[in-house]
Amino acid sequence: MNIIARNLQPEIPAYTPLGNECALFETAWTRQLPLLLKGPTGCGKTRFVSHMSETLGLPLTTVSCHDDLAAADLTGRFLLKGGETVWVDGPLTRAVREGGVCYLDEVVEARKDVAVVLHPLTDDRRILPLERTGEELEAPPSFMLVVSYNPGYQSLLKALKPSTRQRFVAIEFDFLPKAREIEVVSAESGLPAASVEPLVEFARRLRALKGHDLEEGVSTRLLVYCASLIDAGLPPRDAVRAAMIEPLTDEPDVRAALLELAQAVIR
Amino acid sequence: MNIIARNLQPEIPAYTPLGNECALFETAWTRQLPLLLKGPTGCGKTRFVSHMSETLGLPLTTVSCHDDLAAADLTGRFLLKGGETVWVDGPLTRAVREGGVCYLDEVVEARKDVAVVLHPLTDDRRILPLERTGEELEAPPSFMLVVSYNPGYQSLLKALKPSTRQRFVAIEFDFLPKAREIEVVSAESGLPAASVEPLVEFARRLRALKGHDLEEGVSTRLLVYCASLIDAGLPPRDAVRAAMIEPLTDEPDVRAALLELAQAVIR
Amino acid sequence: MNIIARNLQPEIPAYTPLGNECALFETAWTRQLPLLLKGPTGCGKTRFVSHMSETLGLPLTTVSCHDDLAAADLTGRFLLKGGETVWVDGPLTRAVREGGVCYLDEVVEARKDVAVVLHPLTDDRRILPLERTGEELEAPPSFMLVVSYNPGYQSLLKALKPSTRQRFVAIEFDFLPKAREIEVVSAESGLPAASVEPLVEFARRLRALKGHDLEEGVSTRLLVYCASLIDAGLPPRDAVRAAMIEPLTDEPDVRAALLELAQAVIR
Amino acid sequence: MNIIARNLQPEIPAYTPLGNECALFETAWTRQLPLLLKGPTGCGKTRFVSHMSETLGLPLTTVSCHDDLAAADLTGRFLLKGGETVWVDGPLTRAVREGGVCYLDEVVEARKDVAVVLHPLTDDRRILPLERTGEELEAPPSFMLVVSYNPGYQSLLKALKPSTRQRFVAIEFDFLPKAREIEVVSAESGLPAASVEPLVEFARRLRALKGHDLEEGVSTRLLVYCASLIDAGLPPRDAVRAAMIEPLTDEPDVRAALLELAQAVIR
Amino acid sequence: MNIIARNLQPEIPAYTPLGNECALFETAWTRQLPLLLKGPTGCGKTRFVSHMSETLGLPLTTVSCHDDLAAADLTGRFLLKGGETVWVDGPLTRAVREGGVCYLDEVVEARKDVAVVLHPLTDDRRILPLERTGEELEAPPSFMLVVSYNPGYQSLLKALKPSTRQRFVAIEFDFLPKAREIEVVSAESGLPAASVEPLVEFARRLRALKGHDLEEGVSTRLLVYCASLIDAGLPPRDAVRAAMIEPLTDEPDVRAALLELAQAVIR
Amino acid sequence: MNIIARNLQPEIPAYTPLGNECALFETAWTRQLPLLLKGPTGCGKTRFVSHMSETLGLPLTTVSCHDDLAAADLTGRFLLKGGETVWVDGPLTRAVREGGVCYLDEVVEARKDVAVVLHPLTDDRRILPLERTGEELEAPPSFMLVVSYNPGYQSLLKALKPSTRQRFVAIEFDFLPKAREIEVVSAESGLPAASVEPLVEFARRLRALKGHDLEEGVSTRLLVYCASLIDAGLPPRDAVRAAMIEPLTDEPDVRAALLELAQAVIR
C-alpha cells in the first residue's frame, strides 16, 4: 500500500512519505475514521493532505482556523437576497455534500463552538446537524475529516479538549531527513542539490536550537525560499539572511549569532 | 425491568448495561424527572441515551453544548423570510413539542442563560417559556430532559450551579469491565476477541495513569478505532500508536514511555 | 391574616408557611412595596411566590435571571414585521400592564442595566420607563415586584448594589422543620411518611455538612425526587444515591463518605 | 432665596432642605452651570432634583445610568419604520429640545462614551452634537444638566475623570438630622412621630456602623418602608427585621448582632 | 507673526497667548503639518484651537474622543434610507472635504483603529482612505488635523504609540500666569478683578498639591464657575466649596484640609 | 540590479537605498515570494514600498492595520443595495484582482483571523479564498504581498505566530547614515544642508538614548518637520522643541535633559 509520491500531472502536489503516514491516511479513510495531524510549522502537513486527496481522487476543502472562526463559518449562514433570507453552505457543509476531504488547519485556534459540528461528524453517526435550517446531513462514505495543529503552540487556553482529541486517529509529523529534504528543496527551487546541501545543513543546526534561542526551527518552506532567491541570482549570504535568519528572530544577539553560524556553513 | 441491550434492528444502538442505569432512566422518565449523566470521555453516555430512547420508542434530539451556545440556540429565533420575521423552533423546543428526549451533551460548556430555559422545564411546572414569542409550552408526559458532563473538566468557571444541579437525578458512569469491553470492541471493529484482549489490557493500564501523566484515560471509542485499523491490515504497533498514544499526549517523554509500555503488551 | 396554604384547586400550589412570610408578602403588596426573597436552592421561594399570587388572585410572571439577561429582555424590543419595526412587550412590561406579580428569580445573575428598569419601579414613582418607545408606564396598585437570590452564591462581582437592595423589603428563607418537610415530601411523592422520615433525617445531616464538604445542602426538591423513585419501585439505596448524593458532589472521597452515611441511615 | 418645601399640590414632591442646596441649584441654573450631586444611597438626591424642577417649573427627565448605558442611549438612534430609518430622540436630546432638567443618576456607572455628549454640553458652548444626524443642538438657557453619584462606590475603574468632574458645580449630600428625618418618615408613612422616633434612632446607630460591619447605612427610604409596614399592622420587630436588617446584610453574625441591637431599641 | 487675541466679534473666542503657540500653530498650518496639544484639564487647549481656527478663517470640527470611538465614527457609515444603504460622512470626512480644522480632543481615549485614518492623513500623502466606499480623499492645503491629550492620564494601556506620536508637531500647555488668569476669570464671570484675586491665589495653592493629595489641579473653568456664583450673590465660601473643592475630591480628610485652607485665603 | 532611486516624475517617491533591499524586493517579486519589512517608526518602510511599486510599475494598496482590523475588512463584505445584498471587494481582494502590491502596515496589530486570508496567499497555492461568496481567487504573477511591523513593539500578545512569519522573506530596516539623512531632510524641507546638519547630529544623539530614557528614537519624518518649521521662519530652538522633543516624551525630567542637550548642539 506504499504510494509513490511522484508528481505526474502538474496538479498533484509532490509528497515524499517518511513512514507509514500514507497507509494510515488511506486506512482511516477506508474505515471512515477522522484524522489528526500534529507537527511543527512548514513540515508538510498541508502538502500531505493535498497529495493524499489527489491520490484518492477526492475533492479537498481547506480551512485555516483562527480565533474568530465559529461553527457557522464552517456550516453556513442565511444571507439576504431579494428580500429573502437564503441559506448559503459553508465549506464544511459543501465538503460533506460532495463527499470529499475537509481539512481544518490549526484547529485549536478556532472558537469552541466548532466542536459542536465536529463531534457528531466524528462518532459513529457521521452526521452534520445544521441547526439553523433543521437539516441533518449524513456524511457519505467518501467524506473524511482531517484536522491539524502544532503541539508547540498548545497553551492551557488553546488545547484540544480530550473529548475532542479522542475522536481522531493521530499522526505525528517531523521535518524530512537530510537527503530527502535536499531533494525536495532542489526540486521546488531549481537550485542544484550541491548548492542546496549547505542550506539544509544550516537549517538542521538551527532546528537543534529550538527551545533554546529560537521559538521554532526553520521550515522546509523557508529553505525553498532561500534556494529560490539564490537561484535567481542573489548572493547566498544575503539570501540566507533574508529567508532563514530574519524570519526567525528579532533579537539582535540571536541574529548576530546566527549570522556567524551562517558564515561558517555557507560558502 | 432489566433491559437486554441486544441490537435487533440495525437502527437501535447496542448498549451493555453495567448496573441499574437502565432502570433508573426508565423510572426517571416514568416519574417525569430530568436526568444528569456524569462520566469520562467516550465511556458510552451518548450511546446509552440513544439506546434508551430507542428502547422506549422516543425520538431523540442531541445538542453538543459549547462556549457560545445560548438559550436562543435551544429555543429558537426569528428569521427574515419574504420581508417577514418568522419564528423557527430550536432543537429543545422541537423536542418539547414532539414529546421526545432532549439530550444536552456537556451542558456545563453552554452559556449561562441556558439555565433560564432549563429551570422551568426541570421543576414541577415542566414548562418551556419562549419569551420572544410570548408562548409557554407545557412539556407532554413523554418529554424527558437529559444532560451530561465530564466531572474531570469541571473548573470554577465551568461548574454547574447547585441551583441547576439540584434539579436532576444523577448517574455516574465509568468504563466497562474488561470482559464486557472486549466484547464491545470486537463487535464494533470486527477484530476477533483474542486480538482485542491485549488492546483492552493496554487501555486499562493507560487509564491507571490518569491524573499522573495523562489528562484523561483512553476511551472505548479509541479502542474501537485501533481494532478497526488492525482489522484493516495495519501492523498492531502502528495502529496502537496512531489510535491509542498520539491522541492522548504531545509530550515526547510521555509518548516514549507509552510506546515502551505498548511494546511490552502488544504482540 | 394567617393564610391557610391548603390546596383546594389543583392549580393553586401548596405552601406550608414557616413564619410571618405570608403576612409580610400581603402587607408589602397592600403598601405597594417591592419584596426581596433570600435563601438557599430549592427551599421553596418560587413555590411561595406562586402560592401568594394565586391566593391574592394575581397573575404571576416568572423570569429566571442569568448572565446575559438585559433590561431589554424584561421591557421589550422592536421586531421587524411586514417591513415595519413593531414593539413587542417583554415579561416585565406585560406584568406592569396587567397589574400582576413579576418575579425575577436569582436577580443578581442579570446584567447591570436591569437596575435601570427596577429603580423607578421600586421608589415612590412606581413607573416603568420604556426608553425605546418613549412611553412611561405607571404601575397599577395591584402590581408587585418580587426578586430573589441565594446569599450563598454572592460574590464581589455578583452582589446587589446597596442602592438596589435598599429598595426592597426582605425575607430570609430556610429549609422546613423536620415534621413539616416529611409531610410535604410525602404529599408530593406519594411515599408514606414512615418511609420518608429516614430520607429527611439523612437530608438534615447533609445540610449540616454545608460549607465543609458540600457547597450547598440537599434541597426539598431532591428529597421529593428520591421519594418518588422509591415509590416507583427503585431500591432506596439506589434512589438515595441517584437523587441525594450524585447531584451534590463529584469528589470521590466525599461521595464515598456520603454513601457510608446513607447506609447507616437508610433501611 | 430660601424655598419652603411644603407640598401644596400632590404632584410636587416634598423636600426638606438642609443647607444652601436650594440656593445653589437655583444659582447654577440661572448661570447655566451643570450640577453634580454626591451622597449615599437613599439620602434624597433624586427627590431634591424632582423638587427643584417642579419649583422652577421645569420638565424633568431622569435616567438611571448603568454599565451598558452608551451615548446613543442618551442622544437617540435610527429605527427602521416602513422601510426607512427614522431618527428617534433619546432622553437627553428631548430634554435639551424642551429646555428642561436632565438628571443622570449614578453617572459613573455609564459607559465612557457618555462623556462625549456631556463635554460640549458642560462648557461654554452648551451644545449637544448628534453625530449620527449631523445636527448640533444649542441648549436653551432653561436647560440644566444634573448628574449624581455615590462616592462610597467609587473604584479605580468607575471614577469620573477629572476632565469630566471639573465641568460641574458640586454639592455633597448626607442623611437628614434626626428631628427632620422623623418628620419626613412620619409624613410619608402615616405612622405617628412618637412611633417613628425609635426607628430613626435605630437607623442612626446602624449608620455609625458603616464601613465596619455594613457596606452602607440604612436609607431614609427603608425607614419609610419600615414605618409603613408597622402602620399596616405588622409587629414592629418583624417590620424592622424585614425593612431595616435583611436588606442590609446577608452575614449571619452581623444579622444576629443587628437583631440584638434592634431588641434594645425597638419597643 | 504675533497674533493679538483680542475678541472683536463676539463669535471669536478670546484667547491669551502665553508663548509662541500662536506662531507655531500658524506655521504648522502653513507647512501642512499636524499638531499635538499636551496639557492638563481646563487649561485652555480647546479655547486655543477655537481661537486659531477663527483667526485663520477656518471652519472647526471638534470631536471628544472616548473608549468606544472607532474609525467609522470619524469617517462615516452606511445608513439605510428608502431601502438603500446611503453613505453618510463622519466629522473627520466632512472636515477634510471642507478644508477646515479637525480637532480630536483626548485622542488617546479613542479605539486603536482610529490610527488607521490618522496615519495616511499625517504623512506626506495627506489622504483619507474611506475603505467602505473605496474613495480616497486628498486633504486640501487648508485642512489641518489637531489632536490633544492630558499626559497626566497616560497609562500603559492608553498611551499614544510612538508611530502615531512621531507624526505630530507638539506643544506643551500649562495654566496661565497669575495676572493673566485674574483678567480672564474676571472677564468671563463679570466679577471684579479684586474679588477674583483671592480665588486665583487659592487655585494656585491647590495646583501645588497636585500629585500629593489631589489627582489634578483646579482648572480655570472652575475658577470662572466660582466667580460666576459669587457674582450671582452666593457667599464666597459657599461658592468656593461648591465650585473649587467638592469637584476636586471625595476624601473627607482632604476636603476638610482644603476647607481650612480656603478659610485662610478667602475673605 | 541596483536601482537608482532618483525621483524623475513627481509621482515616484524618492528613496535612498542603504543595502540590498531593492534587489531583494525585486527578486522576491520575480519569484512570487511575500515580503516582511521590520524596523523602527519613520525609518522609511512605507516610502520604500511606494518607491518599489512605482519602479516596477505596479499599483499599490496600503492598509494600516489595527486592533480591530478583521479578515473581512481586507477581503470584502456584503452590503445592502436596493433590497439586495451586494458583495463589495475589500482592499486585499482588489489588489489580488488587479495584480498589484498589497502592503499591510504593522500587520501584528490586526486581528488573528487575518492569518486565514494570508496563509493560502503566502504558500505555493497563492490563492485568496472568499468564503462568504464561495470564490477562490488565484493571484496573478504580478501580485505581491508585503507586510511590516516594528519589532520594538512586539509583545507576547502581539507577536506574529511562527506559522505566519515563516511564510515571508524578511528585511531589517534601520535609520539612514548621517550624510544620507542630511541630504534627504534638506531635499524634503527646503532648508540648506548646512542648517540641517546639527539637527541630524542631535537626532543621532537622541537615538542613542533609545531604551534608556526614550521609548523610541526620533524619526526622519520629525527631522523633516523640524527643518520645515525652521525654513518657514521659526527660531531653531522653538522648532527643535516642538518637532523633536515634545513628540518624544512627557516626562519633565527627560524633557529638561533633552532641552539642555539641544542647546549644546543647536546654534
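Should a chain be cited, it is by its letter among A, B, C, D, E and F, assigned in written order, with residues numbered from 1 in that chain.
By definition in this document, contacts are C-beta pairs under 8 Å (C-beta built on N, C-alpha and C of every residue); 3 or more make two chains touch, one makes a residue touch a chain.
Source: prediction; values computed, not measured.
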| item | value |
| --- | --- |
| Contact-graph separation of chain E and chain F, given in steps at minimum | 1 |
| Whole-Å gap separating chain C and chain D, where each centre is the average of the chain's CA atoms | 31 |
| Rounded Å distance between chain A and chain E, as computed from the means of their C-alpha atoms | 53 |
| Euclidean distance of C-alpha centroids - chain A vs chain D, Å | 61 |
| Overlap residues in chain A, where contacts from two or more other chains coincide | 80, 83 |
| Chain order around the ring, beginning at chain B and proceeding next to chain C | B, C, D, E, F, A |
| Touching residues (chain side chain B, partner chain C) in the complex | 1, 20, 23-24, 27-28, 30-31, 33, 36, 38, 70-71, 78, 80, 83-85, 111-116, 119-120, 123-124, 131-132, 134, 151, 154, 161-163, 165-172 |
| Residues of chain E defined as touching chain D within the complex | 41-42, 46, 62-69, 73, 79-83, 88, 90-91, 94, 105-106, 109, 150, 152-153, 188, 215-216, 218-219, 221-222, 225, 228-229, 232-235, 238, 242-243, 246-248, 250, 255 |
